[in-house]
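These notes open a run of structures that come right after.
You will see chain A twice below: alongside chain B first, and alongside chain C after that.
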Partner chain A sequence: MNELIPLMVIVPLMAALVISAFSRFNTLTKALAFIVALCLPIIPLASNYGLHYFGGYEPILDNVTNVMYHPAITYSFTFLQQIFIAGVGLLTFLVVFIYLTKYRKVSGPYLFLLFLGTAAVTAMILTDDIFHMFVFFEILALAQVGIVAASSIDYSYEMALKYMILGSIGSPMMLLGIGFLLALTGSVNVTDIVAAVHNGLVNVKSPVFLLSLGLIFFGWLYASGLPPFHTIKSGIYSKAEPHGAALLQSFTVISMISIVLIMFRIYSTLPIFEVLIVFFSILAMILGVSLALTQTDFRRMIGFLAVGELGFIGLGIGLGTQFAITAGLFQALNEIIITALLFIGFGAIVNATDEVDTRKLGGLLAQHPKVSIMLLIGGLAMAGVPPLSGFQSKLMLVQASLSCGYPELSILAIMVSIATFVVFVKTYYTMFLKPKPKELELEGKEVPRSMIIVMGVLLVIIILLGVFPDVVTNGISNFVGGIL
Partner chain B sequence: MKLYDQIFDVVKQFKKLFSPGPVTNADVSGSITAEIFLIVSLVLAAILLRHVNVLLAGLVTLILAVVLIANIPLIPKFKIEQEDSLEKMLFYAIITLAIIVTFMYWGGNFV
Partner chain C sequence: MADVQLIILFTSMALVVIGLYAAIFVDNIIKKIIGISFIEEGANLFIVAIGYKPGGVVPILMPGMDTSWFATNAAYPLPFGLVLTSIVIGASTLAVMLALVMVLYRRYGTLSTKVMLADTSKQEEYNE
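Showing the complex of A and B:
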């Protein structure tokens, strides 16, 4: 059923447009949003692996050079795409579920942005066309800006505007890099570009090729929120609604791995490419965690931790071996789920207390025991405590860096995990365990039940991935073996 | 004794970091952890230079350790540089471009 492959993008895209057009009818909008959101994780699970050529243009074999050319925009659907699209689909469903149950009157444009973002990241991870990827990268950036600007949190407009201004630097750089690649190879199809590079048709030492790497790499830093964009990325997470932030971070992670996998296929012949990735990943890990340690706004704290965790993904990709890349991609999947749990859990606390400053909170364990226990387990998973999913991926990363001959990176990864643990213990203590401040009023404020249900679902996935990591890692490893 | 005074002064300087709100024990502990984490992790990362040149790695690690310890507290300085100011974000974006160009220019020799 390869016809289902384009539907993974078309369904959320059409739903976004239809929901926005009929947003005056509240019940219809709610019903439609719920049904479409429910379909999102089902479609990738029901679809077969394979390729889809838009317009039906099959690859053409050049009989002279014996090289295959791809004239159509091609979607490639393998286990990796399946697991990530199903993951973001499930998260979109859970976020839409929270949103629909939280508000009596829903906003069509807000749902439009949520579905548009999901469609964009799905297209980014499916496509084998670098320009197509860029178009959806731009659409995603606009959807992210909209989701932040639509929140009711103070200064969200300002933060969204800053993100857009920085995007106006990062995106054209990436487009220019893609333009240089097109000029060198005559194609925007990634498989064709890779074939040109590996067959020696492109001089990898040429300044134009190196410049294209530099420009696309800079755009990737913006997309993934690695330094110097870690501040704005954590800022937009903290200014979005909690369920919106949960989805935003998943968009970031998937756009990060989509772009870096394309870059890896094209530029892996250049050792400097892996050095660059490792350099910025280390920087993200150090800055993210050290800044998280000094935050008093717990939404911002999770934002910085999320950025620090991105460093682990980059580290796996940068090490470049099959095992390391598998570990990095597994870490990406874990981060999507764990960080979503934390954003929704801490969002539930904001909902119940109207307070984000940890210094003004306390004694919440007695008031919200279910949320606090699930948040505790989520935090432990992020810090890499066994037997949770974060432990498995971080252990793999430590083993990968040791086997690559970089014990410093292993020690650094362990230190970052310990510092993450400290951040979480400190925040957990100040919010849940220390005595409740007299000024804090908690009467009549409850956590929405939908948030607790969603946290429960995410927690089950975290535990299952921790106990049975092979279910995911074997498939990812096979995919990585194919691209190496 | 001078180093001890300097470390003690760090705690006092953290007060400014959390102003205008109150400073709790947990916040100060977190900041001290961040301070130590920052120094150790940067020094550790510098050791990676041994893959380029062992002597260079030794020199850079030693100099970095001395410079970082002599300039504590680092976290307030880091935090000020990484606030939500658009000017600072743009400045660091340009610095990053410069770093990438540097890597490309000299790193091209390792192709």
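Showing the complex of A and C:
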């Protein structure tokens, strides 16, 4: 038993409630938010690996069937959970730091939503209980909608409602899928369900089992923003405040891998499962980068690129080997950091120009050289240029596709990476290198220093992960070996 | 008595199908939200049906009850616990959706999704 494990969820959850309750006291709210946000990356790093059984109800051996079953909600904390929870904790801290320094009067409910989302994704990646995961999946959807609706960008309410309606169709579908699994196995604990499947207590070819896969898969597509939900997902990124969008995309990535790892453990015996994941991932890669190419709003462009990058994660997991899944999960970690850097960097440009249309921008390199260079490196990392982190994970994915006997997938991955490079360079040229349009007013508008500091921190992580990928990949590979 | 379970299952499926039809094809946002509620309640009813036990008793162990008799006759409590949580979440999402609709109704003066949830460019035309 490790008492720090549940604190990773309880601390942001309680902080969210307390901050919201005392939001009238501005200085207290700021101090509390800062301290709690600082704790978020520290707790997972200080915690030992292990399991936590809520209520202290440890697994029980059934003397009749000789199978262990889990009567309580279980949290499992390994290197994978540690690295992702610490990652999202650090990002939450950086986003809260930007928010607290940018505004003199802060909103308690907005901070509540940021912490609520962080608590929800942390619980999703920790839990070994599929219904518990569903509950936090719903809470996360509410937090995401709130973050979008709270922004001052036009039509954010409309986008929030659209996302909510689609989510309200996707979530009950996932609940029905969980219901089917409960009907088949009598449990919602993933380890118990997996044991029932592997011990032959469930007929994996039965229509009910296949239907449960289809329904949970539909919910996963919604959570991940893979097609057909790619448009709405990029839409909510573009309607949130830039720092909020940076956090939203990390929520998407973590909810995506949390659900797909649970699905992988349950359904990996079905050949169609891997085919489905690879199919939708390829679709996301192609659609993401194609739609990004046509955008003139750079927030929307980054949103579509982020969706395309999600396809790489799915590709790794869909290939199903230890190396491929490790590559997919490493890509997930890289995407969280790189996309956050891009959202914050482009957000800094919005702050300095009040303009999001790339056609109306230009000549920003001379005005904002620090932001320009950091954005350029971030974009190159996303496109997979060495020696940055994106290169390492994409190289691993290409190698994994080749070693699995799918050279066509590796060619596709390289082509999508090249297309990502083209999209980014085109946008970068238009915004930073092209001569400044006469109508563009830049006098007296500065980029907040907090945004530059945060970009610098993220950039250092990108370079470190690119130079020393083994620090992360070895631990992820051990985790993947365990679930296989 | 097993027929009762079957009837509940069919009812839950009917709720989901009707709800899906309303959520996808009906233009009025309130009716759409009612359809979404139908889907959620259909899923909840389905899980309740899983826990149904013909002739079963409420799964609360009272003083003086024989534990082996209780274990044989009590309904499976897990689905009911899950549904209780699911209902609470459903109510929260419903409240948020209706709050957003209220704001948008004040802005557009209509409940038509074709207007309030149209593409941004069309909304700009509408506002003009």
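A few notes on this one:
Definition applied: the second predicted complex is superposed on the first by the 483 of 484 C-alpha atoms of A that agree within 3 Å, B and C clash if a C-alpha of one lies under 4 Å from a C-alpha of the other, contacts with A are read in each partner's own complex, and residues count from 1 in each chain.
What we mean here is this: a residue touches a chain if its C-beta (ideal position, glycine included) is under 8 Å from a C-beta of that chain, and two chains touch if they have at least 3 such contacts.
Keep in mind that this is a model prediction, so the values were computed, not measured.
In this superposed model built on chain A, chain B and chain C occupy separate space and fit side by side.
In the superposition on chain A, A:F131 makes contact with chain C only, while chain B stays out of contact range. In the superposed model, A:A183 makes contact with chain C only, not with chain B.
In the superposition on chain A, A:I169 makes contact with both chain B and chain C. Of the two partner chains placed by the overlay, only chain B lies in contact with A:L270; chain C stays clear of it. By the touch criterion defined above, A:L287 reaches chain B but does not reach chain C. Of the two partner chains, chain C is the only one touched by A:I139; chain B is not.
Once the two complexes are laid over each other on the shared chain, residue contacts for A:T65 go to neither chain B nor chain C. When the two complexes are overlaid on their common chain A, residue A:A149 makes contact with chain C while staying clear of chain B. In the superposition on chain A, contact is made by A:K205 with chain B only, not with chain C.
When the two complexes are overlaid, the chain among chain B and chain C that reaches more residues of chain A is B. Distance between chain B and chain C in the overlay is 5 Å (nearest C-alpha pair, rounded to whole angstrom). Counting contacts by the rule stated earlier, residues 162, 165, 169 of chain A appear in both its interface with chain B and its interface with chain C. Of all residues in chain A, those touching chain B in their complex are 159, 162, 165-166, 169-170, 204-205, 210-211, 213-214, 217-218, 221, 227-232, 235, 270-272, 275-276, 279, 282, 285-287, 289-291, 293-294, 296, 357-359, 406, 408-409, 411-412, 415-416, 419, 422-423, 426, 429-430, 434. Listed in rising order, the residues of chain A touching chain C in the complex are 131, 135, 138-139, 141-142, 145-146, 149, 154-155, 157-158, 160-162, 164-165, 167-169, 171-173, 175-176, 179, 182-183, 186-188.
Those residues of chain B that touch chain A in the shared complex are 17-18, 21-22, 24, 26-27, 29-31, 33-34, 37-38, 40-42, 44-45, 47-48, 75, 78-79, 82-84, 86, 88-90, 92-93, 95-97, 100-101, 103-104, 107-108, 110-111.
Residues 16, 20, 23, 32-33, 36, 39-40, 42-44, 46-47, 50, 76, 78-79, 82, 85-86, 89, 92-93, 96-97, 100-101, 103-104, 107, 116-117, 120, 123 of chain C touch chain A in their complex.
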